[in-house]
Amino acid sequence: MSRKEVVAMLLAGGEGKRLSNLTKSVAKPAVPFGGKYRIIDFTLSNCANSGIDTVGVLTQYEPLLLNSYLGVGAPWDLDRKCGGLKILPPYVQKQQGGRWYKGTANAIYENICFIEQYEPDYVLVISGDHIYNMDYSKMLEEHEKNKADGTISVIQVPCQEASRFGIMNTDDHNRIIDFQEKPEQPKNNLASMGVYVFNWSLLKRYLKEDEKTATSSNDFGKDIIPMMLRENCSLYAYQFEGYWKDVGTVESLWEANLDLLDDDSALNLKNSNWRLKSVNPNMPPQYVGKEAKVSRSMVNDGCIINGSIDHSVLFYGVEVDVGASIKDSVIMPHAKIGRNVKIERSIIGEGAIIPDGVTIGQHDGPIELIDQTSTYKNDIPLFVNERR
Amino acid sequence: MSRKEVVAMLLAGGEGKRLSNLTKSVAKPAVPFGGKYRIIDFTLSNCANSGIDTVGVLTQYEPLLLNSYLGVGAPWDLDRKCGGLKILPPYVQKQQGGRWYKGTANAIYENICFIEQYEPDYVLVISGDHIYNMDYSKMLEEHEKNKADGTISVIQVPCQEASRFGIMNTDDHNRIIDFQEKPEQPKNNLASMGVYVFNWSLLKRYLKEDEKTATSSNDFGKDIIPMMLRENCSLYAYQFEGYWKDVGTVESLWEANLDLLDDDSALNLKNSNWRLKSVNPNMPPQYVGKEAKVSRSMVNDGCIINGSIDHSVLFYGVEVDVGASIKDSVIMPHAKIGRNVKIERSIIGEGAIIPDGVTIGQHDGPIELIDQTSTYKNDIPLFVNERR
Amino acid sequence: MKNNVLGIINVTQENHELHALTARRCHASLPYGGRYRIIDFILSSMVHSKIRNIAIFTPPNYRSLFDHLGSGKDWDLEYKQEGLFIFPKNSTFDNRDDFSVLNQHIDYLEKSRQEYVLISFGSLVMNIDFQPVIKQHIQSGADVTVVYKEKEVHDVSFTDITMDDFQNITSFNETDSPYGSLDIFVMKKDKFIESIKTNANKYRSLLDVLKNCDLTCNIKGYEYDGYVQKINSIQDYYRYNMELLDPYFLNEWLLKPNEIYTKLKDEPPAKYSASSEVKNAIIANGCVVEGNVENSILFRGVHVKKGATVKNSIVMQKSQIGENAELDGAIIDKEVVIFPYEHIEGTPNNPKVVTKQKIVGEQII
Amino acid sequence: MKNNVLGIINVTQENHELHALTARRCHASLPYGGRYRIIDFILSSMVHSKIRNIAIFTPPNYRSLFDHLGSGKDWDLEYKQEGLFIFPKNSTFDNRDDFSVLNQHIDYLEKSRQEYVLISFGSLVMNIDFQPVIKQHIQSGADVTVVYKEKEVHDVSFTDITMDDFQNITSFNETDSPYGSLDIFVMKKDKFIESIKTNANKYRSLLDVLKNCDLTCNIKGYEYDGYVQKINSIQDYYRYNMELLDPYFLNEWLLKPNEIYTKLKDEPPAKYSASSEVKNAIIANGCVVEGNVENSILFRGVHVKKGATVKNSIVMQKSQIGENAELDGAIIDKEVVIFPYEHIEGTPNNPKVVTKQKIVGEQII
């Protein structure tokens, strides 16, 4: 086994509770995004495009679909002879049964052996829940230049939102002097993106230390980083400029999808030097019919559009019948939208069959999410899932 | 998703307790065999060579190495656009925790959804613990010809061993009239090989029925087959001729390895029409030195032989130093055998480093197994595992 | 389950009528239907018919075909021993000489384990299940089985065949027969090899042999009643692409359970801007549509800029249609750049072809 | 982590001295060391040096090389966009004309995203880490960096170079220089493309350009002090293979941390029977040894039958040595059958070559 300079550990066990029924049977990183992707495609493509070829993916919640989506990593060029993508589930023992990772730090702790076999200098800890294109190799360069013990990637957030994040206070050289996890009174607006680089030998020591602490929640933000700061480790902030979003809620998921339609979006999917890689199902090209109207939208292979679409994102194989109109919405794969259906400000779940004439969502209403449990007047099911 | 005529379900969760420390950290199907293979290569190659391209592999005990060995099935040509190899572990839920499959039948029951998506006519149930080359398509032909509900593959075993197996009693047309699980007084010597073909629609009914029975051990041999016979299902025996071995014990594993050295062995590894497929690590060719002697043996890539080898099987990367002699033994990958070591009737575990001058095993003794726990005089460790 | 048939696709024959589109690629790799290459159709049909060992004999200008097919993975043809094999013809061979190129690689045919061969000559667009053909061939005991169709009005390029009442083919030379051969043959591999070896000097192709043999061998027909296209001219190319805009034909290959495989790429979904107007169009991923598109087919990565109009046209991969440019009745090959305000016009019977990587018009600075 | 270098392996040049072994394969696909092909060495060296976009320019008889390399997966070169690209030379090109074949595929060079090229001409057997070469090239600011070695007695086939005290190369034409160029060059891709474009008509190769240019450009040397072989004759081939039986040389490629990749096959382990006698031999998987083997190299799937003796010989894939046959000083190519009791003898200076698929002797029934 040859050495690797960096090993990436990708936390992909998120339940995504606030994504409601979208994560009822899939882990959050596997939620469809952007017309043809799944959320985890962003971080995996980031690794591949940054030249990191060894990625451990830590799964736990509803891993079946995610596992089969990831396979051996070939869609992200991570099917490598040495290293590559490896799925690291918490596993079941006969006597003790199984249990989930106790926290983000515990997840890495439990896989120390996996990391050790590559004798890395650095470990990159990332999360599979975020939408962003980032060249981790630049962050690693900074980390090396600073001779840091750890580097945390940060992004400027609007001040009023700062209290939702872990906030960094840095000196003039970007060295972190103070870290507040979701502070009520944030001292500034530099939020942690949950992207960490650590010197592996040092991190290993802290992980072991943390594991011994019974009261610890075994979390990077709550335990490891504060402990490192207390002990005067040199932690640096690396400021990221660009699009970054934690799609943790139905609203933010909807918003991030529609952000892609903005011509000035900082998130460029067409950059041939930073290809967003994904599993590509084989589908015929889309057909736009004689009575169709499509504007300000992204539409994927396999769609058949006979209605009108405005400011919306349509995934694989969506069919929109005559007279239907879709506005400010996200339509997940293989949904069938019946005649004269009106959809606005909604997310329509995978495989939904929306009966003729139905109206969903309204111009000034909240974001509607249509899934298997949604019903229409008198409990008639609105979502008829024909796919197995 | 297109239909599949047959789906194979491969039971690969075996603990292999009687294989002692060989299965301490790997599932039995992943135990090395035959100089370069793992036991599960046989059943997976059987599937591929029989034209079965959809295989669910049911794992549970120590699945990590097995999972990474299986990947997406490419080494067995089972990396297919539709179907292919899928790993089906019992998985952990947050609230309930995880639990193992209750029995062989329960393992299939829990994966009814997996099978259903292919709408198969037949399900082939096989076990990853056995050494044999078998064309399942011929068994399926027989099954169709008999218009059977189920077909069980059988092999003639020596009468004195019959009580270790499930024994079939058949009429003149090979229809099973009676089944005895490990009978004290076997009525004949037709033993079940644990290879079953069932009509899927019927099996599904019986699996559901069985699951409702609280007292059932949810096992094919103990519960499903007897229930089907009681209810007059037409079950047929399919007689297999050829080499078949359940390598359940250290002795039988040792024996099956040495069986390969027999020039008349019914198990042919060189048959180009029935290639035994496997993960092939990249290793240089073997080097046989000036003072070496090799006879009646199988030696794999990467070995460096300077001692003498007789009637033995050497896996990848074994090094045998000058003056060492190995007889009637199995040497697992990357073991290093020191100067003047004498080994006889032994299995040397993966990565063992046997110090100079040691003697292991004797001409008329039991089969010695050298593993991480083995010690030599005064508790000096005999097995120095340098591999991570 | 297991299939005992070796697939052979011989696309070595060139067609000078198509020269404007095939000067820098071979016929079989012509882009088709917004996303495919012509080879995808026969190849996918073979794969769905459970043929998993396939040899493609290509003309010397095979690089585009080769780049398209890669390892065969996207057609589910990546196997350890079998799978997809590509044998390019040396440029010194005669264009029509099928037998000598086969003869050159006869060792591949001899080594393969299959008992039968299914041979397809030429580049047909069809989605056919070969399993009933193979089944009929084995059950009938015929020496050769030939797939044919009942001809339609515009089917002028099929070899006419005549048959007796038992579907035995009695002649390949008849004119005005209602039946045309698709030049798809099934036979025993041994017989095929023998035929190549004995006839390589005398005849140029299997069809030549069948035409000239004394017909003591038993040749059976198999009728195919599905949709099939044979593209022999620029007009054919234009018409058959345009037919896909008719939902009937679209269904024939879009919605059949046996999908047509093609090379998969990491292209983002197509993007439509506020100013786009699109009617009756097939549009592939990676396109950006800011202008008007009507009765047209856009391949992957085409950019139709603001104010541009693409009408009754076919635009291949990565071409750019500049602001306010107008196309009507045009076939725009790959990576063409049309500058703003340019007009390109053709008719269905004489579509205007703009060749690969051409730059049309001058930049106005 | 990321590497900004495009690898180019140009193996278009043929060598008539090796004709007995290269009549039906190209030089780069010569079997070597029991398990490898010559191309494996430079290719693996590039992969271990983190170069992941590699083009191989091959002669017209490239099929054996092509079958060997497949999709590049076994060399860890299967990527979605980059990886391994094979460009066969058309048979009409002049044998020594490197530039025109590169010029023909200049679009590939232009489209690739890398900033530097590392070009290797010829088929060297070596296990080299190119990363220090690339690093030196970038840090030195040289226009071109050339890898050279201090010549040993039998190194007659390297281009002699002279250098000043700062490793600047001052001439490529010197004879009797103690240094020989390995014809491995690092330069900016743009400069390389420019050089091809401007010199394709005037010069035939990069080396030609360097030899003839006025040396206003700065050419630096990089000394390689590891093991390297350049196989230019049957004697070289024999000697360099035999050298592997010396543990010192064996270590150089067997035990280095950067393994030499090659095509992986499902061959069972080698099998030795009760009657086998083997001394000082390299033996690949799939062999069956029932006779005597001494000071020899057996490739995959060789069968040495009872009573046969293979001494001081090289036997390539799947050849069969019949009962009581005797080889000494022989090179037996692939799939040869030697009948029982045949004797084949050669000497280290004049090894006896038996060509591919030949059958030697008559069957005694």
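Residue numbering begins at 1 within each chain, and the chains themselves are lettered A, B, C and D in the order written.
FYI, a residue touches a chain if its C-beta (ideal position, glycine included) is under 8 Å from a C-beta of that chain, and two chains touch if they have at least 3 such contacts.
This structure is a prediction, so every number in the text was calculated from the model and none was measured.
Visitor: Could you see whether A-D or A-C has the larger number of C-beta contact pairs?
Guide: Counting C-beta pairs in contact for A-D and A-C gives the edge to A-C.
Visitor: Select the chain at the greatest separation from chain A, using centres from the mean of Cα atoms.
Guide: D
Visitor: Nearest whole angstrom, what separates the Cα centre of chain B from the Cα centre of chain D?
Guide: 41
Visitor: Between chain A and chain D, what is the gap in Å from one C-alpha centre to the other?
Guide: That pair's centroid distance is 46 Å.
Visitor: Got the chain A residues that touch at least 2 other chains?
Guide: 74, 81, 275, 277, 282
Visitor: I need the residues of chain C touching at least two other chains; which ones are they?
Guide: As it turns out, chain C has residues touching two or more other chains at 78, 80, 261, 266.
Visitor: Quick one: in the complex, what on chain D touches chain A?
Guide: It comes out as residues 1-3, 76, 78-81, 113, 257-258, 261.
Visitor: Where on chain B is chain A touching in the complex?
Guide: Residue list for chain B touching chain A: 1, 15, 60-61, 63-64, 67-68, 71-72, 74, 81, 86-87, 89-92, 94, 97-100, 113, 116-117, 282, 388.
Visitor: Quick one: which bits of chain A touch chain D in the complex? Just the residue numbers, please.
Guide: Checking each residue of chain A against chain D gives 2, 5-6, 50-52, 74-75, 77, 79-82, 137, 140, 273, 275, 277.
Visitor: Considering only the defined contacts, which chain D positions touch chain C in the complex?
Guide: On the chain D side, the touching residues are 60, 70-71, 73, 78, 80, 90-92, 266.
Visitor: Quick check: in the complex, which residue numbers of chain B touch chain D?
Guide: The touching residues are 34-36, 261, 263, 269-270, 275-278, 280, 282-301, 309, 313-314.
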